[in-house]
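There are two complexes below, and they share chain A, which is joined by chain B in the first and by chain C in the second.
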Partner chain A sequence: MSALIFTIVLGIILLYLGFVKNKAILAPVAIAGLMITLFLLFKDWGLGSKYFHDMIVFDNFSIAFNISMVIITILIFFFGIDYYEALEFHVAEHYALMIFALTGAFLMTSFSNLIMLFLGIEILSIPLYVLAGGKKYSYRSNEASFKYFMLGSFATTIFLFGVALVYGASATFYLPEIKIFISQFNGHLPPMMLVGLLFILIGVAFKVAVAPFHFWSPDVYEGAPTLVTAFMSTVVKTAGFAAFFRLLNMGLLPLPVPLEKALWVMTGLTLLIGNLAALKQTNFKRLLAYSSIAHSGFIMLAMLSQHNTSASVILYYTFVYSLATVPIFIIFILMKRAADGSEELSIFRGLYKQKPWIAVFLTILLMSMAGIPPTSGFMAKYQVFVLSISQGYLGISIVAILMAVIGIYYYFFVMREVFTEREQSYPIQVSKINAALIVVCGVAVVMLGIFVWNLPI
Partner chain B sequence: MVFLFYFLSAIMVISALLVVSTRSPINSVIYLIVCFITMAGHYILLNAQFLAVVQIIVYTGAIMVLFLFVIMLLNLNKITVPTKTSLTRIAALITGGLFFLVLIAATRLTFEIHPRYAFDSKIGLVSEVGKTLFGEFLLPFELSSVIFISSMVGAVMFGKKDK
Partner chain C sequence: MIPHMNLALLVPALPLLGFLITGLGYKRFRNNQAGIIASSAVGLSFLISLSSLFVLRNSGQDSATLTLFNWISVGKMNIPFAFLIDHLSLTMMLIITGVGTLIHIYSIGYMHADNRVNSFFAQMNLFTFSMLLLVMGANYLILFIGWEGVGLCSYLLIGFWFENPAFNYAARKAFVMNRIGDLGFILGIILLFFTFNSVSFSEVFAQASSFQVGAPVITLITMLLLVGAVGKSAQIPLFTWLPDAMAGPTPVSALIHAATMVTAGIYMIARSSVLYILAPTTLTLITIIGLATALLGAIIGLKQNDIKKVLAYSTVSQLGYMFIALGVGAFSTAVFHVTTHAFFKALLFLGAGSIIHAMGGEQDIRKMGGLRTKMPVTYWTFLAATLAISGIPPFSGFFSKDLILSKAFEHNFILYILALGGALLTSFYMFRLLYLVFFGEQRLAGSHPHESPKVMTIPLIILAILSVFGGFLNVPTLFGGDSNFGVFLQKAMTSFSGEELSHTTEISLILISSLLIGLVILFAYRTFVTKVLVPKADGEPMSFFGKFITNKFYIDEFYATIFEKPFRFLSGFLYQKIETTILNPAIEGIGVATLKLGELVRKIQRGNMSFYFFAMVAGILLFIIFILTI
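This part shows the complex of A and B:
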């Protein structure tokens, strides 16, 4: 709770710091504040404290996810030092909105009441609608913001309608009570409850971009400023899946059969669409958007294979995926600058010739995304497959493994470009902080894969 | 009471149909306001004063006036019916028809509702709502301020001119 309050206050402090002329102090203050948040979160570990009529419960699950999200946000803010240097206006607002989105993410990992889940999703989404339109004078950015806002509001409405229907049937918002209510019916739920649960799942599935609710994601990822895209594909995705898992685990498991079938179909579709559509992309940001949809499929697989270790596997997967995604976006920005603003895959051409060490780290990071040993991406995927096969879901596991193999193909597209020779139009300039971030994340991705195979929860 | 209910419902359904069938956007908005006011009447019939007042203030007062402003400022009052190809029309018809079918099937099953608690006629009064809001639901109430501040920041960010 202290961490939650502290981040809100930090956001307001950052807003006020916008009045100070020197904008170089913003990122250090934000990062220092997040470090304190990290400390406050560690202090709550193991207490399982409940607040305000059990509206939120800070158990180890929520604290572990919160810590992973704060770490990723710190990395993104370090990236922001360089990224926002050219930006003259509203820098403080950008940082503050990201902090506010993070508080929403905290709520999404720690709710035990459907109202809190709704509030968490909204507090996370509204700053993102604004951030996606962060480049005010770019047509693509406006389009992304507007599209995300319209579709996101629509999904939230469906979610809220679902909450209302569930409340109408069960007369409670509190998840453990909903669980008891569902268990009374022995699988034959009243239709109102069933429709309500379906609507709730649709709302959450939209937020994590699971097929068939994924159409917004490539357009928004492409149009939003790259730093915001990095934030969306890491922190937001982690928060969304934490919320999804908590919703299922606390309230809805064992799922009613029609809903379970629907979720399995969604998993299969996500795996297929994400990986197959990625093959045809030429824009790098769109490629990463589809790869992120594909990763959602794998996380869904881990989530639906209900076992005690599911939470830990999801935490490991999302953390490792985020850790690889942030530096890939940093390298993408460096190459985009060197290629005069183009976002095609061909901008990576000639990277090895000019900056061999970046090329090596990019290769490691892409290998982790594709799931090639010894990187941690392999360990994450491996654990998902072990989990799903041990729970007896053989058919979908085979589909997932096939799709993982196809995934390697499109990551190698990028690697091939990296090692093809060509002269860059401009030299690639790497600031010290960005270089350090790339190295730290690259090393961490390998070290986690070799030494740490699961994170405590 | 029963007469009032049917009277309000009839007005509501007719005005709702007119919202989608009139061609001029201004008329649409005004019919929508009528629809919302009758809905507030329904809330009063259910003894939910707070909801009725909120319905009038927020929807009819704020949101609908905003709609009217936008339509007037953007000068959308011309009758513009976007032309669509026959393919999209057929697709829309099939999708809408299927959705309608699903809705009918769903509502047919949901008509039997067994409430867990007996109806309490005082539940919609302002004092009861206030007690719940500042008692059990204090945390969500306070946290919704974060939504407001971030949307305000967003409005300023988009609206302000960069010099």
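This part shows the complex of A and C:
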């Protein structure tokens, strides 16, 4: 709890630091603050404290996910030092909004009550609507913001509708009580309850861009400022899946058969659409958006293979995925800057000649995304497949493995560009702190693949 | 756990380190730096091996297992990454690092003019490391890693001068031949695991005692392992790669023939002695293979004119003797012959290298001659090695070869006669070589042979001392010794304890063989020195048998017809009919179809928000219908 409160205060402090006309202090303050958050989170490990009539439970599950999200946010902020250098106004707001979104994410990992989940999703989403439109004079950024807001509010209403229906059927918002309620029916739920739960699941599925509710994500990812895109595809995604898992684990397991089937359909669609649509992309941000959808499919697979290691597998997957995604976005931003704002894949051409070290690390990161050993991306996918096959979902596992193979194609497409020579490659500039960040993430991605961990959460 | 035994971990670690340093920094080193680093890595390994020997002796224990980490742990398979230090592995370690060090030092001089000298030393160190892994591994899987590493390094080093296509071909041949053996070996390991649920030596051998002699599964395992050994130790029918392996630089030949690689098969069978004792059929087969190889190698050696080829066939033949020893169950004798052979064969090869170096790359013995006075050190050391390999008492080869012959005599009289015949042939072609190279007049006009530099001659001298006195490691009781070496090795493996020959029989055997060898040497002297007979030039007509032998029994051609041609035909057929007409279009079709599908999916996403709403609502409705109807 202290971590949550402290983070909110940190956001407010950052907001007011905007009055001080010194941008340089923002990132250090934000990072130092998040370090303290990290410490506070570690302190709560194993306590399982409950607050507000048990509406929030800070158990190990939520702390582990929170720690993972804070680490990724710190990485993004480190990069922000360089990124916001060029921005004149409202830098403080950017930091503050991300911190506020992070507090929403904290709620999403620790709720035990549907109201808290709703609050969490909204606290996470509203800053993001603003952040997506962070480039005030950019037409694309505004479009992204508007689309995200419209589609997001639609999803919110569906979610809220679902909550209302569930309350109408079961007269409770508490997940453990909902679980008891469901178990009374022995698998044959009343339609009102069933539809209500479906709407809740759809609301969450929208947040993590699961097909067919993924339509917003390529457009928003492309239009939003790249740093925000990085934040969305890592921290927001992690929070979404933590919430999704918690919802299932606390309230809905064992899943009513119709809902389980619906979720399997979504998983299959997500895997297919994410990977297939990415094949022909030429815009790098859209490519990453589809790749992010594809990864959602794999995480769904782990989530639906209900086993007591699922949580740990999802944590590992989201963490190593984020760890690879952030530096990829960083390299992309640097390339984009060098290429005068072009976002095409071809801007990577000749990178190896220009900056071999960056090219090598980019290759490692892409390999991790594609799931090639010995990177952690491989271990993540491997664990997912082991889990799903051991739970007997052979058919969908085969589909997923095939899709993982297809995925290799578009990641290698980027690699090919990196190692193809061009006469005048773009003069990419890498500051020391960014280079360090890329190297640290690259090494971590490999090391985590060699030393795989499993948390008992 | 024996204190200080962990030191032995450094034995393989140092060459690995040397490989990494010389390999990664191959652009940076100048002059002899890489050679010095590589040589000191192996040299230090030797010193540590030596101290490990004393540590083991003082501890009073027979073996020590060093576990590094738990390597593979899946299901019931549990394989630690562990080393086994016992008398057998220590013997091999000492040979590999000891002779290896001398070869490394020699190479500094031999390779100094080569512009890829740094890669050369990196590969030599990797070779040494792989071989150490092979002999030190505490289970068959680590042995196999080393086994494969040795195969890889031999490929790299045989093809070291890869600009020459023929050398490349030789490297490939060595690799392919070895792979055939490896296939048998790995099948053997799999069957071992299947039978014993373990691949570690200690567990397998402990369980093996519950099997009866001649149990079919043990016979099958030993046969499969034998296939591997036949490939690596160049026995019939997989021996043809070894003579071609001469394509590599001469120190590489010395390393392959003496200290590493070919001894791997002998080591593996000696290590598995517990299993082989249980499979008399396999042992008989080993004896037959060994005898045939020993004779074949010796006969082909009679007619070779390339100095390295002669030595190569002598290795094939000597390996045959080791196989005979293994086949009659005298495992420690085989390892003893490995040891003495390592000394004199390394010496022969390094001496040959020195000669080739002096002759400016000429390898044809018909063009040499009269080098005795020009290269005295090389001559005297080469002479020592020749005497040793011929089995003249009291040189090292005498003790080991004579032991093999007497074991053969115990076993079967015909075996003894044939083996003795092979030994006589050996001394003939070795002295033919010696006389043609060092005696008579110099036959190559315009060359000025000179003695090699000290960095090359000092290893020769050390090896010569070892070749002369190495036999005293294992003086039989006949000469008042106590067979130290054999007793030492007995702790690591089992052997048949056949009847001891009476001393009178033994003495008469020695007298007979020594007398015959002496006559052969005399005969060779009369042929090549007194009558100054030089083998015919390549184009001249020869007798049918002469041609047959000169062309190595046409075995290469035979293999080419029997195996290569059908395979070429098959691969051509598969490529033209299956690959290009069926597989390729099919696979490409899948790729194209996937891309088309991707294009289709992408088209749905057009950026039109009202369509997104439409799609989402449609999705929600469909899901509602789905869950309510299911």
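In the analysis below, the second predicted complex is superposed on the first by the 450 of 457 C-alpha atoms of A that agree within 3 Å, B and C clash if a C-alpha of one lies under 4 Å from a C-alpha of the other, contacts with A are read in each partner's own complex, and residues count from 1 in each chain.
Everything below uses one rule, namely that a contact is a pair of C-beta atoms (placed from the backbone, for glycine too) under 8 Å apart; a residue touches a chain by one contact, two chains touch by 3 or more.
Quantities reported herein were computed from a predicted structural model and do not represent experimental measurements.
Engineer: Please determine, from the superposition on chain A, whether chain B and chain C clash or fit.
Structural biologist: Aligned on chain A, chain B and chain C fit with no clash.
Engineer: In the overlaid three-chain picture, which partner chain does A:A171 touch, first (chain B) or second (chain C), both, or neither?
Structural biologist: first
Engineer: Considering only touches as defined above, state whether A:I115 meets chain B (first), chain C (second), both or neither.
Structural biologist: first
Engineer: Scan A:H53 for contacts with chain B and chain C and give back first, second, both or neither.
Structural biologist: In the superposition, A:H53 contacts chain B only.
Engineer: Now for A:Y129: first (chain B), second (chain C), both, or neither, which partner does it touch?
Structural biologist: first
Engineer: Of the partners chain B and chain C, which touch A:D219 in the superposed model: first, second, both, neither?
Structural biologist: A:D219: touches chain C, not chain B.
Engineer: Looking at the overlay, does A:A277 come into contact with chain B only (first), chain C only (second), both, or neither?
Structural biologist: In the superposition, A:A277 touches chain C alone.
Engineer: Applying the touch criterion given at the start, work out whether A:S291 contacts chain B, chain C, both or neither, answering first, second, both or neither.
Structural biologist: In the superposition, A:S291 touches no partner, neither chain B nor chain C.
Engineer: Quick one: is A:L107 in contact with chain B, with chain C, with both, or with neither? Answer first, second, both or neither.
Structural biologist: A:L107 contacts chain B only, not chain C.
Engineer: Now for A:L97: first (chain B), second (chain C), both, or neither, which partner does it touch?
Structural biologist: Only chain B; A:L97 stays clear of chain C.
Engineer: Using only C-alpha centres after the superposition, what angle do chain B and chain C make about chain A, to the nearest 10 degrees?
Structural biologist: The C-alpha centres give an angle of about 160 degrees at chain A.
Engineer: With the two complexes overlaid on chain A, what is the closest approach of chain B to chain C, counting only CA atoms, in Å?
Structural biologist: Comparing every C-alpha of chain B with every C-alpha of chain C, the smallest gap is 6 Å.
Engineer: Would you mind listing the overlap between the chain B footprint and the chain C footprint on chain A?
Structural biologist: Shared contact residues on chain A: 191, 195.
Engineer: Inside the complex, what are the residues of chain C that reach chain A?
Structural biologist: On the chain C side, the touching residues are 594-595, 597-602, 605, 607, 609, 612-613, 615-616, 619-620, 623-624, 626-628, 630.
Engineer: Using the touch rule from the top, collect the residues of chain A that touch chain B in their complex.
Structural biologist: 8, 11-12, 15, 51-53, 55-56, 88-90, 93, 96-97, 100-101, 103-104, 107, 115-116, 119, 122-123, 126-127, 129-130, 133, 136, 168-171, 190-192, 195
Engineer: Using the touch definition up top, name the residues of chain A that touch chain C in the complex.
Structural biologist: 147, 150-151, 154-155, 158, 191, 194-195, 198-199, 202, 206, 212-213, 215-216, 218-219, 257-259, 261-262, 265, 272-273, 276-281, 406
Engineer: How about chain B: which of its residues touch chain A in the complex?
Structural biologist: Interface residues on chain B, with respect to chain A: 106, 109-110, 113, 115-117, 136-140, 143-144, 146-147, 149-151, 153-154, 156-158, 160, 162.
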